[in-house]
Amino acid sequence: MTKQEIEKKVELIKEISGCDPYKCMKCGKCSGSCPSFNEMDVKPHQFASYIINGDIESLVGSQSLWKCLTCLACIERCPRNVQPGKLIDAARQLVERERGGDHLLADDIPELIDDDVPQQLLVSAYRRYRR
Amino acid sequence: MQGLKDRLKELLTDGTVARVVGWKKGDMPYNPEPAVFTSVDEMDDFVYDGFCGANLSKMMIEATKLEGKTAVCLKPCDTYSFNQLIREHRVNRDNAYIVAVGCRGKLDIEKIKKDAKGITEISGTELDGADEITVKTIYGDKTVNYSDVLLNRCHVCKGKDHMISDEVWGESKDTADQERFAEIEKIEAMSPEERFEFFKKELSKCIRCNACRNVCPACSCRKCIFDNTKFDAQQKANVVSFEERMFHIIRAFHVAGRCTDCGECSRVCPEGIPLHLFNRKFIKDIDKFYGEFQAGKDPEAQCPLTDFTFEDIEPGERG
Amino acid sequence: MSMNEEKTEFRPLIVAFCCNWCSYAGADLAGSSRLSYPADVKIIRVPCSGRVNPMFILRAFERGADGVIICGCHPGDCHYSTGNYYARRRMTLLFSMLDYMGVENGRTRVEWCSAAEGVKFSNTMNEFCEKIKSLGKSVRLGDLRCKD
Amino acid sequence: MYKIAIKDINTLFSKIAGEQELILPVKKAGQYNFGVYEEGADTEGILTNKTVKSAKDAFFPQFETLYNVKKTITPADELENGEEASGTKIRTKLEVQMEELKDKDFVVFGMRGCDVKAVDVLDKVFLSDPVDNYYKARRDHSIIVALACHEPEESCFCTVFGIDPSDPKADVATWVVGEDLYWKPMTEKGTKLTESVKDILSDADEGAIEEEKANIKAIMDKLPNTKLSLEGWGQGKTDEKFNSEVWGKIYNPCLGCGTCTFVCPTCQCYDIKDYTTKDGIQRYRCWDSCMYSDFTLMAGGQNRTSQLQRFRQRFMHKLVYFPDRYDGMFSCVGCGRCVDKCPQSLNIIKVIKAFEKAEKGGAV
Amino acid sequence: MQRIGVFVCHCGTNIAATVDVKKVVELVRFEPGVVFADDYMYMCSEAGQEKIGEAIKEHGLTGLVICSCSPRMHEKTFRACAEKAGLNPYMVEIANIREQCSWIHKDREEATEKAVILARAAIAKVNLNAPLQEGESPVTKRALVIGGGIAGIQTALDIADAGYQVDIVEREPSIGGRMSQFDKTFPTLDCASCILTPKMVEVNQHPNITLYTYSEVEGVSGYVGNFDVQIRKKARSVDMAACTGCGECQAKCPLGKSGKIPSEFDRGLRGRSAIYMPFAQAVPAVPVIDRENCTYFKTGKCGICAKICPSKAVNYEQEDEIVTVKYGAIVVATGFDIINLDKYGEYAYNESPDVITSIELERLMNASGPTGGHLERMSDHKQPKDIVFIQCVGSRCDDERGKPYCSKVCCMYTAKHAMLIKDHWPDTNITVFYIDVRTPGKNFDEFYRRAVEQYHVNYVKGQVGKVIPQPDGSLMVQAVDMLDNKQIMKKTDMVVLAAAIEPNKGVRKIATMLTASIDNNDFLTEAHAKLRPVESPTAGIFLSGMAQGPKDIPETVSQAGAAAVKVVGLLAKDKLKTNPCTAKCDPMFCNGCSTCANVCPYGAITYEDQLVRGPGVNETRRVAVVNNALCQGCGACTTSCPSGAMDLQGFSNRQITTEVDSICR
C-alpha cells in the first residue's frame, strides 16, 4: 500500500468508527475485558497503535477482525472513549466494502433468515452492512 | 361608560383617591386625550370608548409620586406594562388605585379614515356598543365592522385578563385572531436582501420625532441614552440612514425582555412605521432561545437579559 | 501597475473587543509566539466581554468598520464569573436582530479565547478577516458620511 | 388657463422632471411625503392625500451640511520641491470647504394653500436680516405649483388664518375638476414653467374652476374647526397668556416628542452640530424641537427645564411671539398635520379651545 | 484640554525592526492634546523612565501615552513612573505596539500604520481620562478557615502563630478530616494519627483559634477585608462546656451495638451509636446526637444518654444557632472525597463486600479501625491470601463515568498498602494492575521500587476488565498483562480499588457563596496557575489543600502554610487599597430600576433614596449606589443600564466610543 492509500484507510476507519485512536493511553482495559482475547493475533489494546502507526495491512489481514464478537465490553469500559470495538468493526467494514459485500438488499433478507437466527444478529448485521 | 365615570367620581368624592388618570373627551369624535382629573367637575369630560387606546401606565410614574392615591384606568394589556414598571421600581404601587377597565379591542382611526374623510361623528364605539359602528362624514355616512378597524396590536391580543387590579369594571374580550409571530416569520422567510430593502424602506420614513420612545412604557428612562451627552450618542440628523437604524436597534435592545408588546410604538408613529416588528422579534428570539417569557406577567420574574444559563446558545447560532 | 493593484485590494477595517483577562492575554500570547494575523484587526481592551455595549458595536459600523468581533473568556472562565454569560445573551440577540434586518450574517462574531489560546486567537483573526474580505465593504450598516 | 387629463399626469411630471428637479408627494411604505419624482413612479392618490410632513424640506431640509473642515498632514519627505515644512518635519493644513448653495431651479408640485402660506412664514424668519444663504438660494430657485384642496379634511382649519384653500397663491395654481387637472400660471416664474410644458397642456376655460372653488368653500364651511376664534391671541398678549393657569391643566398628556414640530410646515428651529469625519469635521444643521429636553440646552442646565414650559413655548411662539415680532402674522397655517399626528391627541386647536373655555369660566 | 506626552519605545529591535518608530513619533505629534512626543530605545529602563519623568515636569504633561509592549507587561511600571513625577497614575494609557503589532506583522509600512492608529486611539482615550484615586477599606483582623482537615488545621495554626485570630468551621463533629482515617503515611510510613493528633490538640488549645465543629457556612457577604459570614452551629444536643468526654453515653446507647447506623468515619465498615464521637481522638472530645437516627428524636422514648450522663451535658432541646462573624480573609480547605463507584459495575464494588476502596482498606488496617488493625475480608472475616489492587479507577477517564485528571496520590498509597500488608503478612500474594506508575517526589520512586524489589509486589502493566464474584466466595479477576500480551484470569480474595478523588461535594455551594470560581471538575480555580496558586481570583479568598487540586499530605501542608502567609500578609495591613476603576452611577440619569444590581456578580450595587438636584429636578428618588470596595470593575452593570447612568471609570462609555471612533477614522 502506498502512503496515500494508508492515510485514506486510516481516515476511513476514523470516519466509520467515529473514534480517535490518539486518545488511547494504553491501559489495556479492553484486552482485560475481551472474551476473544486468546483467539486474537492482534490484541484489542493494540488496535489503536496499529492504526496510529499506519500498519493497516497487518490489521486488516489479522484474524482478530473475525474473532471479535462485538460484545461491546471494550466499548463500554474504555476510559478514554477510544472504543477498540468500534475501531475493529470499522476495519472489518473496510474489508467488507472492498470485497463488495458491504450491503444487503431487502430482497435477499428472507432467504438468510431461519428460525435460529437471533434478532440481535439481524440488527447488528443491518448496522454493519448498511450503505 | 357612565357607570365607570360615576364610580371614578365616587372614588374622588369619598377620598379614596386624590386624582384620576383617564381619558378626556376630544374635540373630534375620535381623539380623546390622556388626562389627569383632580375634581368631580373636571370628570364631566371623562370618556372611555373604542378610541381610548393610549396606555396610561407610563403616566403613573409621575402620578404616583404625588401625594395621595391616584386612580388609573388600565386595559388588560396595559396591566402588563404597569407590572413591569412595578418590577423596575418606577411606580409606587401603594399610591396607585387600579381600575381594571374592560376592553373589546381598540380602534385604529387611520384605518377608518382610509375611506372616510371629513368625519363629523362616530357612534357605537363604546364598550357595550354594537358590532357595527357608524361614521358620519361631510361626504356621506358609512358603517364599518368594529372588528375590521381594530388596531393591529389587538389582532394579537394577549388576552382579556388583567394582570393586576384593585377593582374591575366592564367585560373584556380576547380579540386575537392572528398568529402573534406570523409577521416576524414572514420577514424571516425573506432573503437578506429583501429584508434589508424592507427595513430600509420603512425606516427611511423615520423623522426622529421620538414619539415611539416617549410613549413607550418600557422606555421610562429619566433621560434617554440618546439624549445623554456623556455617551456622545445624541443625534437628530434623521436623513442619515444609519442613525435611524442605530436608534431603533438600540431602543428595541434596551427594552428587550422588558417590552410587553403593548404596541404603543406602532400606534403613535406619525409615519406608520411598524416598529413593533423589532420588539416582537426580540420577544420571539427570547422565547425560542431562553424559554417563553412574557414581560409584565409576573412582577417577580427575572428579565432574560439579566439572567443566563450555562448552556445558553452561542451568538450566531439560530436555535 | 502593481501599485494600482495594491490600492484596489480591499482592506477591511476590523474592530476586536478583547476582555482584559483572557482574550487580550491570548492576543499577547499570539504576539509573543509570533503568530501573525492581518494588520486590519485593531484591538480595543475592555475589562470583560460583558462590558461591550451593543452601542459600541453599532458605533464601529457607523464609523466605517467592516467587521466587529468580541472575544471573551470561555463560558465558565470569566474573571468576573458571569460577565461573558450576559454578553453571550446580549450578542445572541443583537446578532439575530442584525441578521433580521438584512445585515450580512458574519460581519459580527463572538469568540471565546483563553489566555492560553494564542494559536486560536491568531487563527480566529485570520479566519474572520477572510470572511469579511469575502463580504466586502460594509455598506448596509455604514454611515454614508464616513465614505471618502 | 390650461388643463391636462389626470390619467396623463405622469407625462406632465416627466416633462417637468426632464428639465429640472421635481419634488412632489411620493408614496412610500404606505405614507405620502414630499420627495423627488422618479420616472415611472406611482402617483396614485397624490392629488387628494395629505402628506405626513409638509413641503418644508424642499426649502429647509431636516438635515443639511453647512461646511466641511479638512485637515491634511503631509510628512516632510513627501513634500514637493519648494514647499517648506516649518519647525517640524510635518506640515498640517486646515481647509474649509463650504457646501455649495442651490444653483438650479426646481419645481415643487402639490403644495396646498396652507403649505404655500407656510413658506411666507419661513421667509419672514430666514430672509430677514441676517439672511440665511442656504435657504435663500433654495427659495430663489424654487417654482411652486400649488394645488387647491379637492377634499379638505376635518382636521383642516386654514381659513382661520385667512387662507383660501380653493385659491392657493403660488407660481402656478392647479385644481382637480372632474377627470382633469386645471393649470393656471400666476407669476412670471410660473409662466415660464408653463411655457416649457405648454405642448402637453390644452387650453381650458376659467369658468370650470369656479364651481370647484365654490365646492371647496362649502366643504370648509361644514368642517368642525374652521370656526375657531383667535380672539385673545396675537400681538401684545405675552403677559396675559404666559401666566395663565390653563397651561398647567392641559400640558399633562404631552409626551415631549417632536412629532408636531417635525410635521409642522412652519416650525423653523434648528440645531447646528459637528460630526467628526475621517479627516476633519462636518458641520451640519438639523431640525430641532422645542419639545425636546435638550433643546437650547446650556451648560448650566437651562433653558426650559419642564415639559410645561416647553409645551407653552411652542404655542406661545405660534400664536403670540411670532405675531409680536412679525406684524401680527401667526406662525400657524391650520394645515392640521399636528392634529392628525399627535400621539396623545393633543393639538393647537385643543389649546385654543381650552383657553376659550377657561375665559368663559368653564373647568378645563 | 490635556497636555499629553507620547513616548514610543523601540524595545531594542523588537518594535523598531518592523515599526518605523521615528515616523510614529512624527505622525502622532499633531493629534489633539499632544504637546510632546519622543522615542527611546527601552522606555521601561531606568533611563527611559527618567526621560518620562523629566518630560512630565518640563512640559507640564497631564497625560501619558506609552507606545510599547502589552499593558499587561508594563502598565504598572509606567503608572508608578508617572506617580513618581507627580502625575496621577491613571492618566497613563498604553498602546500595545509590540505583541499586537510589531511581533505579528512583517510589512514595515503596514505595521507602522497600525502602530499610529493604536497610538491615536490611546491618545483619544487619554484625552478623556480623569485622575482616579485609589480608595481605602479597613481590614478585619480575623481569618476564617473552612474545613478542619490537615489543610485547614495547618493553615489555622500558621495564621494563629503569627498572632491573628482565626476560626475553623468544620461540618463534621470533629476536626481531623481524611487524614485522621489513614493508617500510615507515605513515604516514611509514620502513623497518621501520631503526627496529626498533636496538631488537632494544638488547634483546640490555641488561644487564637476558635473552633466551630458540626457547623456550616450559611452565607457570606462583604468583600476582601470585610467579610460577614453566617455560621450555622448545628444543634449538638450536648452542652460543649459541661461535657467531659467520658464516653459513657456512647457506650450505653442502645443503638451502639445494633450496627444499624453505619459509621461515616469507618466508611460503613461498622456501626456506631446514635450519640457518638466519630473516633476516639476526636477534637473536641464532645459527642453529638445524630437526630435522624436517635430513638429519642424519632419516637420520644429512650433518653438513656441524658439519664446516665454524669455531667448532665445532654440537652435534647438544643437548637441550631446562627452566628455572624466578621473576617478579613477566608481560606477554603474543604478537601476531597472519592468518587461514587455505582457506574463501575465491572468491578463488582456494589456486589461483593470483598471489593473495597483504598480508604476502606486504610480503616481495615488501622489499629483503631473496625477490625482492630487485622486485615480481613468483610464477607467471611478470613485473612486474604491474595489481593489485587486496581489503579486508576475513574481517574484519567474521558467519559462521564470518571474524571479526566490523574488523582496523583494513588500510585504512592497503593505501594504503601502493598508494603504494609507484606510487612504484617509476608505470605500474602499481591498483584497491582497499573497503567503507569507515577511517583514524582522526594523519595517517592525509591519507595515504589522498594515494594517491587524488597517486597516482591507483583506489578502488572495492564488493566482489569472485569471482577467476577465466584460462588465459593473468591473473586475472579479478568485482566491483561500488556507486556506479556497475555490475558489473565486470576482468582483472588480481595480487590482494592484506587478510586478517583474528587472535590468535596459541598465546595460548589461554598464557592457560589464566596463568588470564588471553580473549574469544570469543581476544583477551586487559582488566581494564576503558576504565580498565585493559593489565591482565588476573588480577592480575600485563599485556597488550601485538595479543594484546589489533588495533592499529597506534604504538599497540602506546604500549601496550607503558603495560604496562611498570604492571609497574614493581608491581615497585617490596616487598610486595603481598592481598585479605582469602579462603576459609578450618575444619579441624574439613574432610573433606580435595579437592572444593574441584577447582573452585578459582587453585590456591589445597592439602592438608596437620594435627593437629586439639577436643572428642573429637585426630588428624592431611588438611585443606584456602588460600593467601591466591592466593585471589581467588570462593567456588566454599565451595559445593562438602559439610560447610561452607570459608567465604568477608566473604561467609560465615552472612552471606549472615542477609541472606536479613532480606530475607524
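Each chain gets a letter, A, B, C, D and E, in the order it is written, and its residues are counted from 1.
One rule holds for everything that comes next: a residue touches a chain if its C-beta (ideal position, glycine included) is under 8 Å from a C-beta of that chain, and two chains touch if they have at least 3 such contacts.
Keep in mind that what you see is a predicted model, and the values were worked out from it rather than measured.
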item: Nearest-to-centre chain - CA centroid comparison; value: C
item: From chain A, the most remote chain by mean C-alpha position; value: D
item: Gap in Å, rounded to a whole number, between the CA centres of chain E and chain B; value: 51
item: Between chain C and chain B, distance of the C-alpha-averaged centres to the nearest whole Å; value: 37
item: Length of the line joining the C-alpha centres of chain A and chain B, rounded to whole Å; value: 65
item: For chain A paired with chain D, centre-to-centre distance based on mean C-alpha positions, whole Å; value: 82
item: Chain A: positions in contact with at least two other chains; value: none
item: Residue list for chain B, restricted to those that touch at least two other chains; value: 223, 225, 231, 233, 240, 305-307
item: Per-residue overlap in chain D, given as positions that touch at least 2 other chains; value: 275, 278
item: Chain B partner contacts - residues on chain E that touch it in the complex; value: 586, 588-595, 598-599, 607, 619, 622, 640, 642-644, 647, 653-654, 657-658
item: Chain C - residues contacting chain B, complex; value: 54-55, 58-59, 61-62, 75-76, 82, 85-86, 88-105, 108-110, 140-145
item: Residue ranges of chain C touching chain E (in the complex, touch as defined); value: 13, 15, 20, 24-25, 27-28, 30-32, 34-37, 39, 42-48, 50-56, 59-60, 63-65, 76-83, 86-87, 90, 122, 146
item: List of chain D residues in touch with chain E within their complex; value: 73, 75-76, 88-90, 92, 276, 278-279, 300-302, 305-306
item: Residue ranges of chain E touching chain A (in the complex, touch as defined); value: 346, 392, 394, 396-399, 401-402, 433, 435-436, 461-466, 478-480, 482, 485, 487-488
